[in-house]
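Structure record follows, encoded as structure tokens.
We call the chains A, B, C and D, going by the order they appear; numbering starts again at 1 in every chain.
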């Protein structure tokens, strides 16, 4: 299938390109970005040693893109993603990393290992909007990493979750943070991030019934911070469960968590991996950046636990998650 | 009064020296360190432009130190602090940053703004041990920063506290962390740190009655991490209170928290300061490193709040806290 | 004397404010910045715990500034400094950190320890332009640090200089570099920097005769790079001299270099200090940020030497250098 | 062929393992390290997601290693490499990253693109020492990167070279630098490094005649510094040539430099690649870490040029270079 990547020059866009360089199902036909980059060879802008074929491709502008592909991956900034994606979805599937449509009732925020069943919502979406295509979103980077372990915990009944995130610089985009701001610093504020993690998590872990998602009812409170790490978001989690498993039972549940194991999706990787001390520098690239690591799991008291989890914000947290969504859509026959 | 600094060459020891360079009450007479540094001028080892007078002082070894001063400040590693401090305490007051004696029943862990009244425990200590001197400890760096805001919250009745710390590199000592370990990384593990913060906090906020401290009864669970920041520990706090104040009431309580305001201790600084977004790089040096900053305070639901607090780990969290203890002891007439 | 600081909110502007907070001669009357910051209290923007007095001052806009002071310090960006400074110089002395006027024939680039005599050029400047005031510039940060040691070398006859700089992040301004650009990176390019260092050095070490500066004739070639250091520029220097001193003679010449020693200027500090291994983290603040450190001095062969030198880019390299210029001008009676 | 890696747990050792994971010619049979790591699975120590096969291999101790392989790659520290390598070389080829034997008259310091012909020295070495095996060394990391461009320049006649290196943290080994030392700092001193680069470069670019290498006669002076970059050494070079090419001619010479192009060695990559602004973060991994990047090339005056070059210190500068040496030895039939 031929695909286009919208916003191909930003950090998430470039991650899409890198992950799709040799994809067995999706062939990159167009690299779309702003007027400013139009005409330039992708090699000039790539932050890694890109393949000959992709390196020679010239960036095209969004204005001139006619949508003549089988599907698009969108890494557009939310300021412009909204309209653009709607227009394209009239005709073709749009897998979007943008936050623009995530909160709409007929648009799923998809993480295949967690709520693959929400994909069926696109039927109602198409019908309601009269579209041939559709929009499927992946969550905010911190959310994507968090919900993997929350899903593995859900069978014990999640009552409340308190999370503190330590997010990497790349999550802010190439120019999102000045060096003077973040070098030798912790910034305990990321605009709208806490709201996103709290609300997206409840939607993703919510129940789809009659084409409507009822958000999960657990309480969740998040503090998001930025730390001087290049890639990889680390999350410190306190969770209260209805049941009272042992730490061993929890670890076993996490380690055996593998809902897509049999599907053989190209981007598949073991979703949850135990590491004694998870660290972004050493573990962010596991599973090609799709594996979420967990560790430091301890019981505080009856039903109350704490643990650390982390994942690659540009891959599991963005481009990789979106590509996995498209792969799931493909095997489900809705592309 | 003449003082000696034990462990004068380490990061905490050097902080003691720097803070005492022009102290109105305490005059540094001896700089004590290991055999290895013996005889060297302090200037050769100082990590800042030390004054002429102190720079010319020669390091003396612990073995040859006769304790011929009015009091000592100890920045010895806990592996050797235990015995050394006990021996010195037979004769003179020891203000120790080490963890060795913190947990003994007759030794206070002192933060003047929080539990200045625990200082009276030294009477029982002297009597019990037959000492002329005594040992007063300051807490672990993360604890010292945390308990300031917990004290300001205590009037609302603290039920439970969940904390995630993001601790600076200097907290590990000059050679405690290799560059490869922490550069571009978050290490969500600091040996024994979580136990220390949990237990010290409860002791510090506990009640002294009949020469015995009953630890505070609130639940506290901590996750400690190390981040690539030079100085300054940042702490993300979730707290559950018995009462249900508004955020404004809490902020007011914090901003007006100033128990030592009238004492005019030389190291005094406003203990709690509001900053919209507290950041170690910009706020760690406020109040000469003694002021703890707080911000990002929000109500989650009834009685439940989250906020950020931070402080300088070497000053409020170590040397400065210890010097303030000695200043309090002085005005209380027990030196 | 009453002074105004133009561009008070940028990194250099804030350094001016910080250095002038308690200046014995200069009293900050106005803090001038762009329309965007107008009306805000300086405390809101300061990156340090500013004094009560200065913290309460409100920023005023450039457009509304009437120049009603005894002199101004300018930290304006060169894009707007040119015209603004000329207009002000019609009436009052302007001490400028901007590059706008540095290369004009009647404007000195002043480093008091090096070419204090060039100050006399302002007479010709006033006359030629019909001004009551004048413009005196300080050099580019890397230049200021370099010329101190070059001056100490000049008596041996400098033939050629090759320099590689490793410049700190703050030299690019608060938002000049994105974190993704410089974190974990070396950027061997700083726009126009090499030209500036080469040409300014020759002018500063040049000879003033008949109101014309003849640049020094030595050859100088510079490679400028940016490194992930917060403050402090490090410079690696290869120099070829006409004479052939020993390393000891050179070190002695450097260590005894102290042309302003007797003047007792408020910002005075020993200009050149030997450190075995100069390092920005540990030595940038010596002499209040005015002392330039040197070390690692070795003879390569006859007449050829290499050494390391470093200084604080915002203080010696910018605001401090400019203030020292004003102090020199004051004792020379030209203010 | 079966190989063993000595010192497999250090940063260079792990690089050897990573590069040999799927090598078409060399099969890793033993992972040798100190007694302390003996028996542990390599996965426990690996700093990346190592393959199943290699991950399951258990570390063996040096003392118990019988040398029963076809050749060894040595990443031993030079403190123990000397004797160990000699003993092994009695029987099998040793490709060593250690400095221990580099300066012996019958041991080549090999960089295939530069002095592949020096490999023939091993014949004389074997004969002289009565060995069945031999020792071939690769240079110090900074040297390996430098000599690639020097070789491309050599046809113009190199008279003198002045270099300033900015070396990455990983070059010091996993625990070689403390975070407090290098974070936010430049350390302009690396023990023995300058001597190594100067002497190794002359030997590598020297002429082999009658089994004796006459070092190249150009003058070379180096200043080595450590900067806060994880991987990748950047080098700023001033060079004086006998001839006076244009910058275009030099760039052409560099870009066309490809001596091994036809050999099809498995680790082959284009040795010299032009980048407008070479940066370690973005370019260290080109050519799988074997490509050396150059840029910022400018003519200073007749015959005098400056440029920037950089390479991956663990790959081109260490393990990769050593493996390429073994590959060359293999096609030359001397293994």
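Observations on the structure shown:
By our rule, contacts are C-beta pairs under 8 Å (C-beta built on N, C-alpha and C of every residue); 3 or more make two chains touch, one makes a residue touch a chain.
This structure is a prediction, so every number in the text was calculated from the model and none was measured.
Here A-C and B-C were compared by C-beta pairs in contact; the pair with more is A-C.
On a Cα centroid basis, the chain most remote from subunit B in this structure is D.
Per-chain CA centroids place subunit A at a distance of 48 Å from subunit C. Averaged C-alpha coordinates put the centre of subunit B at 40 Å from the centre of subunit C. Multi-chain contact residues, meaning those touching two or more other chains, occur in subunit B at positions 183-184, 228, 230, 282.
Subunit D contributes residues 162, 164, 166, 183-189, 219, 221, 223, 225, 227-230, 234, 236, 238, 277-282, 295-296, 300-301, 304, 306, 308, 310 to its touches with subunit C in the complex. Residues 11, 169-170, 172-184, 228, 230 of subunit A are the ones that touch subunit C when the two sit in their complex.
The residues of subunit B lying in touch with subunit C in their complex are 47-49, 183-184, 282, 285-287.
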